[in-house]
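Look at the two complexes coming up: chain A is in both, with chain B in one and chain C in the other.
Right, the complex of A and B next:
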């Protein structure tokens, strides 16, 4: 069986960050509490119970006219970009 | 500087509008003093506020005209950095206002600062804030609670009459209790969340802190209403909460949840709860004890933990260091994201995201995330059964007052912790309007009572709070410190 440390570190990487060795004891403790919570729910019969995704049943979609609203200029949108060149966000080369 | 409610300030400005400028000069001095005591501000927005005041003409018919407010640092404010207390967003400056900010500005409210919070609104202590822990104005060695701890502390210090907060589990109501002020989150969907950095969308609410119920009615009325930018906001008309505020609760049916109250051990808190129930009875309400299914009560915190972490993981996948926020260099785009998120999130946030991702993983999703959503339905149905016979549900806010800053966390699997300390999450599951109201003191520290109504029945909750507040003598209480 895969070591729990490794499993959680891999999961962290899938979540797009690294966990250091120093961070692992607290992570393992939190995992333990979390799994207690998972077990507490397993004891409850939920057959024929639908998931509740919002607090109450609501209609969250509507149609509007297909016209532009809330137009924002490119410079404004990119003002917070950490690396912007010629109105585009620059990242390391993706395609070889 | 005297601590004024919104109503008092409005009256003062109405009698003599020339006092507005003088008041603001005193206010900035007071905020500086309270910041030195509590560390509750992320930034003071003095220049922006004075510029806004220059353009405003006082409206004697609007109770929010020229009234100062503090805004939690997860509400987008145009041109003013909005960090959500995360290194990831340390230099993020929104180019638009959250809808509620625009609405409050339209009423003439003036933002005088942005308040500290737990990172990304996850936490109940305000110890994880990027700008350092916030101190409780009633005892500077104690926490204010969280995640809206900065807003709660600043209202409790008397510096401002109201502040904005957000509430996903109890992030307004718990700090309101620890700081002895009024905290309210209305029905999910009553107030737009557009422009508020999310935590868990199916649980997130916008709300506020004040020092009186009447002030809360004023603020809620200004913020509530449909917003096409938030698809979950309600089309229902907004009632006149302030005008319709009444202490007449004759015939109101009130349920006290016995198995939550039974976990309270502090004798002052028990006596104060009895006194509150006696006040309700004396005013003509019917008060009964009811029991909730114990297994479902014990399941509330597990459901919350799984749903909140999962939704947070998904919501914050956009914080990648590419489009905005902290960027740490890397050889590939993936490496940039990984490096940025590794440096940008605290270890506390990382743990929550890992567990959220665990629950969302294909092989676990039915067993964990979907299961939690199914149990959430059972819990909400259990609450709604109580609401078939009662207008209001009453519980304690906590069995404790604010803990010392250095105190270790409690046993997170004990019944007291799971049932009592996290009971207010029921209001987030069901989206019900929930009020945290000052109830008393023990060992010099304040504590509150929790009143929760049916969805969209804000007026019932506010009226019950108004009736109780009138008898307790705790309206407009604050802890300014030695001055």
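Right, the complex of A and C next:
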């Protein structure tokens, strides 16, 4: 079986958060608790059960008419941008 | 060993709605950065997406044109990934229940018809536009949220040529259903391609590569042709094709490695909780289907069967919707089907390429072309004069009647006047009657030429020819 430490590191990478060695013991503990929950759930037979995605089992019919009625001015759009250049947001380059 | 290619295409098409797919922010191009967006597009906390009716209508139009089964209940999913072009951290798309399923397009390659199966059509939203510089990237959110449809084939395509024919047909459907301007070079139609090889006659799939950066249909074909040979060579030498993403280099016409695919990205799809299932009105869907304009295939059939156009002409006319629409409008003024088609397919492109102009910006209106063709068929102007009128219409956009009047171009069709001119020629050249009597038919051509000269090209050539023969025969 794959080493649990390695597995958690891989999962952390896939879900895009950093997992330090100091955090690992706490994570292992949490993981154990979490897996107990999963085991409890797995004991329930769900073979004919549809997943519940919404709190109400209703359908709607509303579709919005195609009118451009809601636009925010560029100052507001960029207000939270930590690094703005020529009305665009500058971010680190992550493609080769 | 003989190999065959197994090719799958994923095509994205931007819909030309006025507002975005899930927000009422405007959709317009060429506007200043970050001025066409709102809190929903930017993924601000607490905002709720609200589906665009026109976006759904456009998707239904294309579904219908592709002979698909339409799901009358709309479900949306979240595709989660972390990238700077995606303000919300997820894209709203349709994963489990696409609006359209199980369609097809019939293509023609090398004179044979082949059915290309389409697995699905789903609706989603576009991402922000990124412009990459040497060590940073700039983001413009104007594109974020623009409606997209994605169309995925089953692996039924077998060559670059088939892929190109499929894309041409699909593009024509986007244009005829009027849902998009479908320009590959501008990104309103985009194409991802994957290709694997297998030994001919076997059924298992080989390892596929994906090719990106394809901004024209001819590049799709070139990239696939190159990739076929590259993979065949690897297999022939006992090697293994790696699962990788490659990029088409336009300069060298080769595909080059971008990245080797490791673990597939896990998009952690789940149902979009902010959009409850939406049931579409069945009658509304039927109305959309029934109101669709005629498609290219139907037009082509009509041109051949009703207008008796040669197949090649019909195909060429319908290949571009603007051209075909122009032809349709011209036919409202004149029913000279073949003559109008000839002008549109021969003289018009020649003029446009000579003057570096586009069909869309052409000054000559459809009814003007039709009127000019009528002037020719009624004998008011000669074919030679028509070319001059045509040039003038293309240059100035004036009506053919006005041009004929201004240039004094009216063809001379009065038999008495023409006969008088023939007699003049015979008087000046007394040997001609003898020549004709001795079987020298050249005499006729000579006399016609002289009459044309005398009339400054205005004598009706067909009538003149006929009268010359009559006059000569009378003197025998």
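By our rule, the second predicted complex is superposed on the first by the 91 of 96 C-alpha atoms of A that agree within 3 Å, B and C clash if a C-alpha of one lies under 4 Å from a C-alpha of the other, contacts with A are read in each partner's own complex, and residues count from 1 in each chain.
As a convention for this text, contacts are C-beta pairs under 8 Å (C-beta built on N, C-alpha and C of every residue); 3 or more make two chains touch, one makes a residue touch a chain.
Keep in mind that this is a model prediction, so the values were computed, not measured.
Undergrad: For A:26 in the superposed arrangement: first (chain B), second (chain C), both or neither?
TA: first
Undergrad: Touching A:63 in the superposition: chain B (first), chain C (second), both, neither?
TA: second
Undergrad: Would you sort A:34 into first (chain B), second (chain C), both or neither based on which partner it touches?
TA: Only chain B; A:34 stays clear of chain C.
Undergrad: May I ask you to name which of chain B and chain C touches more residues of chain A?
TA: Result: the larger residue contact count on chain A belongs to B.
Undergrad: Examine A:43 and indicate which partner it touches, taking first as chain B and second as chain C; both and neither are also allowed.
TA: first
Undergrad: Of the two partner chains, chain B (first) and chain C (second), which one does A:14 touch, if any: first, second, both, or neither?
TA: In the superposed model, A:14 contacts both chain B and chain C.
Undergrad: Is A:86 contacted by the first partner chain B, the second partner chain C, both or neither?
TA: After superposing on A, A:86 lies in contact with chain C but is clear of chain B.
Undergrad: Using the superposition on chain A described above, determine whether A:77 touches chain B (first), chain C (second), both, or neither.
TA: both
Undergrad: Using the superposition described at the top, list the residues of chain A that contact chain B and also contact chain C.
TA: On chain A, the residues that contact chain B in one structure and chain C in the other are 14, 16, 51, 53-54, 56, 58, 60-62, 64, 70, 72, 77, 89, 91-92, 94.
Undergrad: In their complex, what parts of chain C are in touch with chain A?
TA: Interface residues on the chain C side: 17-19, 23-27, 32-40, 42, 50-56, 73, 82-84, 131-141, 258-259, 263, 266, 270-271, 273, 276-281.
Undergrad: Taking the touch rule as given, give the residues of chain A at its contact with chain B in the complex, in rising order.
TA: Per the stated touch rule, the residues are 8, 11-19, 23, 26-27, 30-31, 33-34, 36-38, 40-44, 46, 49-56, 58, 60-62, 64, 70, 72, 76-77, 79-83, 89, 91-92, 94.
Undergrad: Taking the complex as given, what residues does chain A use to touch chain C?
TA: Residues of chain A touching chain C: 14, 16, 51, 53-54, 56, 58-74, 77-78, 85-96.
Undergrad: Given the complex with chain A, which residues does chain B contribute to the contact?
TA: The touching residues are 91-93, 95-96, 188-189, 202, 228-229, 231-232, 234, 295-296, 298-299, 301-303, 305-306, 309, 313, 317, 320-327, 330-338, 341-342, 345, 347, 350-355, 357-359, 361, 367-368, 370-378, 380, 412-413, 428-432, 455.
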